[in-house]
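Structures incoming, each one as structure tokens.
In the two complexes below, chain A is the common chain; its partner is chain B in one and chain C in the other.
And then the complex of A and B:
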């Protein structure tokens, strides 16, 4: 007869009791986490302080004594700053319109606003290039022929181009934060001001705006972080104009291939990591403070919507047109190019073809290998991330072991670490120096993806687990089920949506990953992201577009499936 | 300060009648409670008085000024009302002083007057010394007081309270009830209070407005609401009640005789409201409060029954008696020797007949 074990946690039962397998699983999960995250980051720090075999600050002195090293730091800050401003300028008014007014087509706007959130900025950069490349961009062509001039309207290969594309791709961070704040805000806070005698403009000034400012700031910091971490946009748009930011400078140094390059890249990575740390801690600090000021919410009163009156339709027209131009037109341009025999040809029936698709899917070895690789990597990483995330979530949420905050931090923070930094850390830790050489294999890519994306699976599964009241498990245990039987029969069915969503949330971004892949791929392991980047950079826009178009469709389908599963909850992919 | 009148006020949300033809005059200085189950329209009525919702038809007057009608709506900020919200709605980014001072700031009250008035109101609600605190550093009860001070500081014509005590724990709630009464005694402002807690309504109000499904069912003093409910809904919603199916056999001058539908055909004397079109014998319900049922030795009561359960409730004994197939609930003192299975006689002090 099995001895009844009270409770359902890993801590109960004797060490040699029936929970020894559970303990082993938990220990394994934590070991994987340490190897995939902690070890590489420690290696990165350590190596940044080593010069000629001895501890030294020499690498950092080098960084700050050469323009080509410290200029990227400055440019990263400036680029991040301006993208953040663009993001706020777009995100705040849109959030207000969607959350607080009777603007027609709000639901539709909401979806359009999330579109850039789903698609990688690399695809955005490609698409905008097709519209605004100095000579052959669709918009520049139109402009030049309309105005009879030979000066293009706008050159995308510039600092301004980078700001524009990053701004369009980061405004959803601000949008989501502000919309959430406006919707969560208790309407009686504003009503109280009105009954005190404040007109609506005064209510906005004294109550609404001050209460939303923390959310705006938090969203802007995320936009900044996302911009500073991005590689695709500055690589496609900036390097051609000899503008280097931290990610592209690190990339260039790693590509250089020698010891000096790696050393400088390592030190620059630590600088970028510090910047990311400041931003993410700032973001959390603001959100925590805002949480501290949480308001006891009573019954939910419908939010008061501002009636736009006679401005309703004109404003709707302007907003929808603007959103169509900024989010839809690049995607449309991408699809058009994918059907053209060559980029730059006029858009007419005789120039249209399906050959690009046939070429990338069935003929061209690079894209065929890349698609296959990315699929294998995405499926493998998503599965591994769900297993790891589930084990860690169970440890943190249910087992409540000591040190669970550290476990939580080790899963959560790598998601905010710029991919470039993480990839370099992987190279330093896993290319033979410590006995294991994963370089040029799927292995190093999977470890990097796991480090970066397990968070998505973990967060979703943890959220589902929190919903499972301990009494559910206790009821199963008291009925005679052991720990694993309980997990299988009770916990697993209840958190299945979280598991599925977690899997898709890791699958989607790994499928199109570029930033880490470009540093970690080997001769046999190119990925879709790498292929897209190479093809676009080499000027094969029509082929790159076909590949991007396939990717866009897959991502949108994945997102639709995910929305079905997790309901209306907004998810990052 | 001012009176408030509702004249045939109705509010439709889509096709739902949230408030249906409400007719009510609230006197200057009166405390009125709107009482009813959730969704009965009491909060909507309050929000219409405040000006947040506009009536679909009818008028609302504050003093002798029409503030709400289907055509015209004076915005909330120009009604000079105080309001305490269920969740207090204390602004988290302002400290206690700033919260309370806000209405005066909007009215451009000079600095010295403002300080003095704010201080006075803050001490009125007992928050001296907490002026610099932010809401997150305050307990629920203290936030409540901030909300109260803020709504009183500009001497409103009336004070509206939307279930202000429902987020407090039971002990504090009871304390606040009496504090609100004291406050009213001191400043005499007209108070309109919304609650679903009958005890709160009973303690606080001069008159209680019972609402059900959008309609005002009864407006009366707490005693009258409890003792003379107009219909079974009011009788059931407030306090405990026995309802016994009966047939009214005889009536004259407000008194009648009703016969139970059980096999023993027990007869009860009861009060009967005049009702046009009633034809005897009339089917209906007999309403009796548990405390109006006296338990006596078997031979003394007018009605006989068997005790099915006697539950000790601390101060009283809750006794269930089977009378003619119907379970009665009676209230007995704890020293009586009542136990399951004992046969007893019941004497009914007061019963009211409701037509079905």
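And then the complex of A and C:
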């Protein structure tokens, strides 16, 4: 499609002319993608099938024959299932209240619902521990002193605790999906039913609910996938109660350090990968069917809101109180602990201090190194992801080369792969067995981040590129501009918001990444996520809380900046 | 143009930083010494030896052992020095030919009982596994290890995990040899909780999550100095003695700097720093210990009398059984 105009041929004859360079850039981008994503995953599959140097299914047989190995598979499924149920129980009613009723304070509720979405679940788990650690959590302390007992109200280090925290952190998936469906729903369907004489309950049962069910299912599947892929919550809340899910069992096996451990971790990773694959395919299948039915239109006509009448204010009070308790109170508890001299001390003025902040920011080498490392890693990964994402987006959207679906899949798929699996694949591919040793370096972290997060940059840039009509570029080319001049003066200014959004969307999650970093960090490369996890797990709750509090502020500010730049649409990172 | 200039400047800066780092010898220490203490010790060491840059990777003994195994598998061991709580790990390294044979001159001032007869390591720091309790909740703490089996402590006991913490490996071995597996079953009956390491166990006792816990004497002294509600008992049937020497990896690329650090830890200066920063008992008799702590001589007369060899041969069995009985 890029037939050179006479003008450009005249000026760019030689071998390294713009189009050749462009092709080289494209080839380079695809090569990076293959090395960062395809090679490690192939290495993972291959290694899972090798036993004593020969092809064998021995590793899988081992996995499925020892309780300690298949129990985590079962626990992952059960945890995913219950988190998904909690997510739906919270997400569906909230979405309906926000989208279809005249509940006061809907906008505020919407923001509160997205709060868990912005904060990493690790911080959520930390925050909930402040409230519900057995006997020492604030709520448990209060309960014990009120009841005069040593029996805590609720122990967060339990399966129930994991379900609760994961549920609170995954309900936005259901909320967003259902709210979207309710808002986009074609109101004429409901009106038609009403005109035909159906009463509200009947309309809801026969029209509204069937239309929304696919969205509920799709959101629940995402909640399940997110739970199954998460490391921070089961590690902080489950390992202490000796409950292992796939991600934490893989972590424990990798930490074991010997070949047997790596082998078992590899096989379990393939199991987790398969589970993730089923969930993604299920989610896509539902969404595609929904689009096929085309009952939900893109019209801007909004369905009528239900008037809550005399329930309006009591209901608002209940909902707002509930949301404040579940989303705000853990964060408040986190901030309170960050000012305590030691975890568990009573809340008195004499026990409060600013020392924890001074300590983590200016004195403590671990946190200072970790903050610096994470900043370097986040900037480097975001920049590399934007360059890579832009090149790939151009190839897929504009150059329309053959096999672009494969390129698209290779960028999109790794974003849904559980980080634990991706990290193990990186260790297998990049720790010297195939000639390159990135183990213990920034390099292996950056490659892993790129594989996982380039998708955000790619998606945003591709979306911007689609909107650049070919006629713009053609006009530039006809006026005699070469490919690079066209890109610089026409395309680049038009997609700049997409580039900025892409950069921020990669920057934010890499800044606090834990799941992959915990397996890939070395003595010189601890990250913020690793430092947080280690401090919390080592019982230094007050220091960990101060670091988390700083991070919460940074994340919220980044999110506000993002909203300013790209609008509310893409803040969901 | 300005971009190219900026790139040049960045490149130049990186080179400068690179040279700056190369001018100092860098040595990397893998240690299980609590992070707060070891970073303060790092500062003291770098002040005493400005030519050497000491880098630190801090984790539990179990994690460090795994990390070194993984690095070995990947083809390059980064660690120059290893300093963990389970000294039998150094015996493991010795057997794998990974330990460099060296005794610093300062080792001459350390009691012979704390020096490896093969001449690979000496002293370092000593600490003791004791019974700690929350002073707000407990007035009559257990006096012997066997008192932990009393029904009144049911659901109120906490300890560290041998999988993570080296001192708990030794503790499991000693308690197992002394009281047998039935003792572990008794702890299980009393629902002893297993957290990660000794700092966590102490933090849980201070927070009142549990009334009584197994932890290290120096950790308790540190928390007491901060005014936190924790006390300790040196059990009458013998506290568990732990030695934590510094070992040098035979694969180290900066042997001289590594030797300097190993010597520093045993020097008067180094031991004073450990007493002051970590509230450890000194391994030298010419350095005064923390206020109120027993002397090394008195302590060693009262501890459970098991040799390195006995602990080394029994540790795997007992820590495995300990975990199996208490956790699974």
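To be clear about the criterion, the second predicted complex is superposed on the first by the 548 of 573 C-alpha atoms of A that agree within 3 Å, B and C clash if a C-alpha of one lies under 4 Å from a C-alpha of the other, contacts with A are read in each partner's own complex, and residues count from 1 in each chain.
Following the convention adopted for this analysis, a contact is a pair of C-beta atoms (placed from the backbone, for glycine too) under 8 Å apart; a residue touches a chain by one contact, two chains touch by 3 or more.
Given the structure is predicted, the values throughout are model-derived calculations rather than measurements.
Asker: When the two structures are superposed on chain A, do chain B and chain C clash or fit side by side?
Answerer: These partners fit in the superposed model.
Asker: First (chain B), second (chain C), both or neither: which does A:256 touch?
Answerer: In the superposition, A:256 touches chain C alone.
Asker: With both complexes overlaid on chain A, does A:189 touch chain B (first), chain C (second), both or neither?
Answerer: Once the two structures are laid over each other on A, A:189 reaches chain B alone.
Asker: Classify the contacts of A:211 with the two partner chains as first (chain B alone), second (chain C alone), both, or neither.
Answerer: The answer is first: A:211 touches chain B but not chain C.
Asker: Examine A:366 and indicate which partner it touches, taking first as chain B and second as chain C; both and neither are also allowed.
Answerer: A:366: touches chain C, not chain B.
Asker: At the CA centre of chain A, how far apart in angle are the CA centres of chain B and chain C, to the nearest 10 degrees?
Answerer: 170
Asker: Just checking: does A:274 make contact with chain B only, chain C only, both, or neither of them? Give me first, second, both or neither.
Answerer: Touch partners of A:274: none, neither chain B nor chain C.
Asker: See if chain A has more residues touched by chain B or by chain C, and give me that chain.
Answerer: Result: the larger residue contact count on chain A belongs to C.
Asker: When the two structures are overlaid on chain A, which partner does A:198 contact: first (chain B), second (chain C), both, or neither?
Answerer: The first partner, chain B, only.
Asker: For A:344, select first, second, both or neither according to whether it touches chain B, chain C, the two together, or no partner.
Answerer: So A:344 only meets chain C here.
Asker: In the overlaid three-chain picture, find the nearest pair of C-alpha atoms across chain B and chain C and give that distance in Å.
Answerer: So the smallest C-alpha to C-alpha spacing between these two chains is 51 Å.
Asker: Mind listing the chain C positions that touch chain A in their complex?
Answerer: Touch list, chain C to chain A: 28, 30, 35-36, 39, 42, 55-59, 62-63, 65-71, 73-76, 78-79, 156, 195-197, 199-200, 202-204, 206-210, 223, 226, 228, 327-328.
Asker: Using the touch rule from the top, collect the residues of chain B that touch chain A in their complex.
Answerer: Listed in rising order, the residues are 50-52, 75-83, 85-93, 102-103, 106-107, 134-136, 140, 143, 147, 150-151, 154, 160, 163, 166-167.
Asker: Mind listing the chain A positions that touch chain B in their complex?
Answerer: 186, 188-189, 191-199, 202, 206-207, 210-211, 292-299, 304
Asker: What part of chain A is in contact with chain C in the complex they form?
Answerer: Counting only chain A, the residues touching chain C are 133-136, 150, 240, 242, 254-259, 261-262, 341-345, 364-366, 431-432, 437, 439-440, 522-524, 534, 537-541.
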